[in-house]
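Listed after this line are the structures, all set down as structure tokens.
In the two assemblies presented below, subunit A is common to both, partnered first by subunit B and then by subunit C.
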Partner chain A sequence: MPSLTLLGQALVSGVLAGGIYGLLALGLSLSWGLLRLVNLAHFALALLGAYLTYQLGTTFHVSPWLAALAIVPVFFLLGCGLHAVFAYFRVTEFTSLLVTFGLTVILESVIQWFWTADYRRYETPYATASLRVGPLFIPTLEMLACLTAAALAFATWGWLRFTYVGKALRASAEDPAIAAAFGVNHRRQAYLLSGVSAAYAGVAGAFIALISTLAPSQIWTWVGVVFAVVIIGGLANPIGALLAGFLIGVSESLTMAVVTPAWAPLVSFSVLIVLLIVRPGRV
Partner chain B sequence: MISRVFMACRGLVAGLLVLALTIPAGAAPSGTPIRIGGTLALTGPLAPTALLHKIAGEVYIDELNKANGLLGRPVEWVLLDDQSKPDLTRSLYEKLLTVDKVDLIIGPYATSGILAAMSVAQRYNKVYIHHSFGMPHLAKYEMHFPTAAFGPEPNVTLPTTVFNALATTATPPKTVAIVTSKFPSAQFQSAGAKEVAEKRGLKVVLYLEYEAGNRDWGALAARVKDAKPDFLWVGALGLDGNQMLEAMKKLDYTPPRHFHLFPAPGPMVVAPDGNLALSSTVFEEHAPFLNNPGAARLVPLFRERATKANVPYPHVDTQVAGSFAAWQVLEAAVTATKSLDDKTLGQWIRANRVPTIIGTLRFDGPNNYGDDLFKVKQVQDGKWVVVWPKEFAAPGARLLPP
Partner chain C sequence: MSGEPRRVAITLVAVGVGFVALATVGLPAFYESFLYIIFSWIALATSWALLSGYAGYFSFGHGAFFGAGMYTTATLTTKFNVPFLWTLLAAGILAAALGAGIGAVVFRVKRLRGELFGLLTLAITFVLGTIVLNTRIDGGPGVFLSAVPLPRVLASPTGTLYLLGLALALGTVGAAYAIGRARLGFGLFAIHDDEDVAEVEGVPTFRYKLVAFALSAGIAGVAGGIHAMYVGYVTVGETFSITVPLYVVLMSVLGGARHWLGPAVGATLIASSLYAFTGGQQAVLGRAAVALVLVAVILVLPEGVVPAFLRYWRAWRGRPRVLEAARTLASVDGPAPARSAGGPGVALVVQDVWKAFGGIQALRGVSLQVGAGEIVGLVGPNGSGKTTLINVISGHYATDRGRIALGEVTLSTRPAHEVAALGVSRTYQIPRPFAHLSALDNVALAATFGAARCSPRQARAEARRWLEFTGLGRRAGALPHELNLHERKFLELARALAGQPRVILLDEVLSGLNPGEIASAIGLIRQIQAQGVAILFVEHLMRAVLALSDQLVVLNEGEVIASGSPREAMRAPRVVEVYLGKSHVA
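Take a look at the complex of A and B:
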């Protein structure tokens, strides 16, 4: 029988891992839900962001927070550029899977070309820092990532719900023709949203650089679980993505603590299947 | 006048002598290249380590060709990317033998790929030398020759070596936690470590297996901390061990002693919690290993090439040395038999001992495995040094207690 401390620590670990899942899922959920583009390249952009943070930190001694500030606008423009390509080639929801898969493979090769296939680790003095709450330890970096994910999720939710742009985006996703009849310029807003999604990938990348090991193939590590999070959370639902991240993270972590770590990868898809059975109209 | 002619002749002779000394011994190879086919995981999750095997192979082929090649012919390495996928590895070896029609083959990187390609080698009766296979009991092909010198039962011999080393310390461990990746060779050897520990009377307080590509180390770290072992065996590949140590540090916990099965050597050396970490090795860049055949020549060449390739840890250790040894065995067999016939080469390799950079290899044991040449190494003052057995320890080094 696991001790209460172990269970508590696993819970903390799961919530924090869930924050990272939510952060990664945020941009993917927006582009899938509002632009009808399943952007697999989102994961490659996140890893590219991680490598850039690593490079700026190790070569130019730029703090990761400053690096993230520099990466966000660059990735925003990158996202806009990417959307220009999608728009030019009239990429649809289905073809976006194939196109962005190809882009991901290309980006993986570019990353490998620049940084080699070898492992990279961004060592920082605060990498192992934790806050102590009673018998539990809360790793600082993971906590920051989780708080950032929550802040972005709520800000995005507010943006979509209360601003004209957000309402227009949701209207266009619902019925593009009617939205256009009401004067919604979907094209311009699509660029904005694509840029924002890519910028979120950059933010996630900065945290991945600080928390995780970098290798080009890491791109694929996140794909399955983050897709499950996006679907469980609901498309274009930022807070749903965050909560789904927590659900998956905690489920995985408790499985590791109570049963066996080998079963943890089954959890995300098991939860997804159960939810699809219980709420089939969800997706 | 005579004196001037004599001086000119003397200068000419000296010049020729310098020229003769600066070009490599033996005539340049000529004729149709001998094509040696193989794959490596140039992309995918195994790519970080496969990159080292690629550089080692390139260094070796270049050195061969700078000398007399093989049988006086240049050597060409036909290298394909198996993307870390065993199924693709199998198809690519089929292609190498049937489409590219290579003369000889050499193994890919890592257990699953090697096993996948072994069936192809067997079907075409090719000599199959490989350098990183960790499950000897599965290698049944009579013409496979491993240079990963695990011996026939690494699940017994390797943990025994590690526990023997620990037993020499003032406070030998009484409890053990084993956390292992489900990567086949790591899981196999770690399961062996559990049995060996129990047979020696040690209490295994935790045994956990996790999937390769694990993302959440916090829960694993919490379980290890909860178990409070005297000794932690991490059956990990690459940076898993670093991630474990870091996750435990975040819980304000460091295990008293920790062993890592197949770690990425560079990151462990520089990791803040990597000091005194233990691992296994067949080669490190210090005496007596530097006296092994080829070491003095190959080590600086590898360092130079790996540094140019932006490899963060450009040093020769187990992986690279195993790769060099594979090429050394192939060269020795071809040179000794003056043949490219697989059957002839296979018979020679099985019947002979081959001096290599990792020591003298033999292939006449069960499943063509010879001796377990693995030693125990430890991170001390920012570098890996062999600490056990004593006769292989780095000058002045000994196993340091926590």
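Take a look at the complex of A and C:
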């Protein structure tokens, strides 16, 4: 049995990793829940954001914060463009999975073309900084990512709950025809939401560039984890996604600490399988 | 064998002989390997389509079965010294068992939609990969098969793999063709379009999905076993990756997943274009190009290349879509046997049936009887439980309490497909035809899986009879979306009749029809009654109910509030108060 300090440290890193999961899950959960589009390409977008942050930082010495600021509007437009394609071809929930599967592979290939399959590491002065709380270390960057995830989750929740646009989006998700009859312009809001969700992928990407080592195949390692998070959290439920991210992150890091790291992927995938079998109605 | 099956069989055998001859003449190793890869993908893509194409359950887990096969062969040959060919059998059986096991769990899940099944199977792939990686099956470093002896048939040792791949590919394509024409395929196509209706029409949906999944997985397992030997070095990273599920989906969708030859055509196109881009950066480009094709095909040509080609070809040749049906009709001698009368006495008995949905009590102790050759009208305000009762009798919902029987046979404990096979059929208030099946095939499906139990061939002849009976004879080749409401309502009737039922449950067949159509529908119902069928007739149109019913049952809030002769029942004080009173207010 590992020591209490080790378990505590595992808990901390689980929560912090969970923040990133939550951040990645946020955009996916929104487009799945409110637009009924399963956007696998969300992961590819996030990784693209990470590589862009890396490139801007290493060749042009743009600070990651500035890079993120530039990436967000670009990704917003990218998301709108993606939605234009979906809307034009009337993509359904099921075909969206196939189409974005293809898009993901294209983006993965593009990334591999420009940055090769080698591992890349973005060295920044922040990378090693950490806070010390008693016997535990809290890496600053990951904490920042976690706080950003929480801030975005709460902001999104408020947006959906209290603003006209948010209510209209939820109404359209429930019944597009009735919402339209009451004057909701679903099309315009769908573009907005798709853009926002892609922008979130950009934000997640910036943090991923700072925190982890980059490789094109990383896209697929997130799929299981983040889908599990989205489904546990409940579709279109930003705060649920955040909390589910923590849950999965902690259970993974505890598995790593108590068993071995190699078994960790089993946790999220098993949770996903069990959930799909026991509570398919959640989705 | 005659006609098309014979031509297909001859073609497959000829192709096989051709490729064997090509190899014995002495094929350069490069081409041997190139062709093997294509054979392997044909087997994988075609086997995937047996479940995912025919029944529409898109699996992203084909890599799991392929990988299970690879590791079975790798483990058995290297650790237990089992001869290579025997391990293929084991690989197939193990993968099939895995598929059946997964299917037995996930197909029990109600409301398991396509995209959830896809995610679930993808997750299973990664779980299996993690287990293999962390246990003694692999343990991390991978397994080398280079020392495993390969039985030699042709000049080169790899010739054996070439022949095995060829045999598996042709066998799988042949199986896909045969299944597509058999009961199994017919049932799977119906599941693709509307699983609930398929079950109510008599298709044993759970069993069929399970069989298709096991078969699909088993073939993938054998393909994996052969491939383990081909690559000679098996690793988890390469095996349980996204590559196999990506490519099989892509190949099948490109070629046409619902057509038996579609996946093979897609596999050939994609596998050869992938071969053109090999090595380093080019492979990256190739993968991107393939993915781009996937996206474009799904968006622009969602049915796939082969069906699209066949459609243009037929349009160009100006031949009708159901020439096949006409041919089968000609090959059946004489008219179908006369329907057996239901016999005297009571046909359908509903005894004290209760059904609740959450807190809503939809049926409260409903009892009624319908005799053979009798029409019982079932009326009541909206929400009184009429359609629920039909759903319970047809087995779509289980009863909470009470008994439903057909003669002596209890129905209420059976799944819907058994109820249908015993001779209960129904129509839907809003017609629910199978969208991708022609009117003829819609009706033939009922004849195949209903009490009539026809073979698919006989069923088409039988179906044509019922289409004529309902006046749809000239629309046999039309797809449901090409029919108008009146025709779709009559298609529902034809479908209900083709199963040769003893009991027919008619759920508002007249609603939405104009007076002329109503008159002809009433005529049809009288003819059905004259053949000795028991009819439970749900209807709002009182004129028709009073004209047709021998007995009337009035439901309100899930309770029978009156029954007896139509005039009597409608005059009962509670009926006047509840039913007519409410309808006057409305």
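Just so we're on the same page, the second predicted complex is superposed on the first by the 273 of 283 C-alpha atoms of A that agree within 3 Å, B and C clash if a C-alpha of one lies under 4 Å from a C-alpha of the other, contacts with A are read in each partner's own complex, and residues count from 1 in each chain.
The definition used in the following text is that a contact is a pair of C-beta atoms (placed from the backbone, for glycine too) under 8 Å apart; a residue touches a chain by one contact, two chains touch by 3 or more.
The structure presented is a predicted model; accordingly, all values stated were derived computationally and were not measured.
Chemist: Putting subunit B and subunit C onto subunit A via the overlay, clash or fit?
Modeler: Superposition check on subunit A flags a clash between subunit B and subunit C.
Chemist: Using the superposition on chain A described above, determine whether A:T260 touches subunit B (first), subunit C (second), both, or neither.
Modeler: In the superposition, A:T260 touches subunit B and subunit C alike.
Chemist: Pick one for A:F227: touches subunit B only (first), subunit C only (second), both, or neither.
Modeler: Second partner only.
Chemist: Which holds for A:F94: it touches subunit B only (first), subunit C only (second), both, or neither?
Modeler: second
Chemist: Please work out whether A:S63 is in contact with subunit B alone, subunit C alone, both, or neither, and reply first, second, both or neither.
Modeler: neither
Chemist: Just checking: does A:L272 make contact with subunit B only, subunit C only, both, or neither of them? Give me first, second, both or neither.
Modeler: In the superposition, A:L272 touches subunit C alone.
Chemist: After superposition on the shared chain, which partner residues are touched by A:W113: those of subunit B (first), subunit C (second), both, or neither?
Modeler: So A:W113 only meets subunit C here.
Chemist: With the two structures laid over each other on chain A, which partner does A:N185 touch: subunit B (first), subunit C (second), both, or neither?
Modeler: After superposition on chain A, A:N185 lies in contact with neither partner.
Chemist: In the three-chain superposition, say which chain, subunit B or subunit C, touches more residues of subunit A.
Modeler: Tallying touched residues of subunit A, the top partner is B.
Chemist: Among the options 182-190, 218-226, 308-316 or 380-388, identify the stretch of subunit B whose C-alpha atoms clash with subunit C after superposing on A.
Modeler: With chain A aligned, subunit B clashes with subunit C through residues 182-190.
Chemist: In the superposed arrangement, what residues of subunit A touch both subunit B and subunit C?
Modeler: 108-109, 112, 260, 262, 265
Chemist: Which stretch or stretches of subunit B touch subunit A in the complex?
Modeler: Listed in rising order, the residues are 42-45, 47-48, 50-51, 84, 182, 208-211, 213-216, 218-220, 222-223, 225-226, 238-239, 242-243, 246, 249-252, 264, 266-267, 270-273, 309-313.
Chemist: Under the stated contact criterion, what part of subunit A meets subunit B in this complex?
Modeler: 2-3, 5-6, 9-10, 12-14, 16-17, 108-109, 112, 115-121, 123, 127-130, 132, 137, 139, 142, 212-213, 215-217, 221-222, 225, 249, 252-254, 256-257, 260-262, 264-265
Chemist: Quick check on the complex: what are the subunit C residues that touch subunit A?
Modeler: Listed in rising order, the residues are 58, 105-106, 109-116, 118-120, 122-124, 126-127, 130-131, 133-134, 140, 241-242, 246, 249-250, 253, 281, 284-285, 287-288, 290-292, 294-295, 298-300, 302.
Chemist: Write out the stretch or stretches of subunit A touching subunit C in their complex.
Modeler: 38, 85, 89, 91, 93-95, 97-99, 101-106, 108-110, 112-113, 220, 223-224, 227, 260, 262-263, 265-266, 269-270, 272-273, 276-277, 280-281, 283
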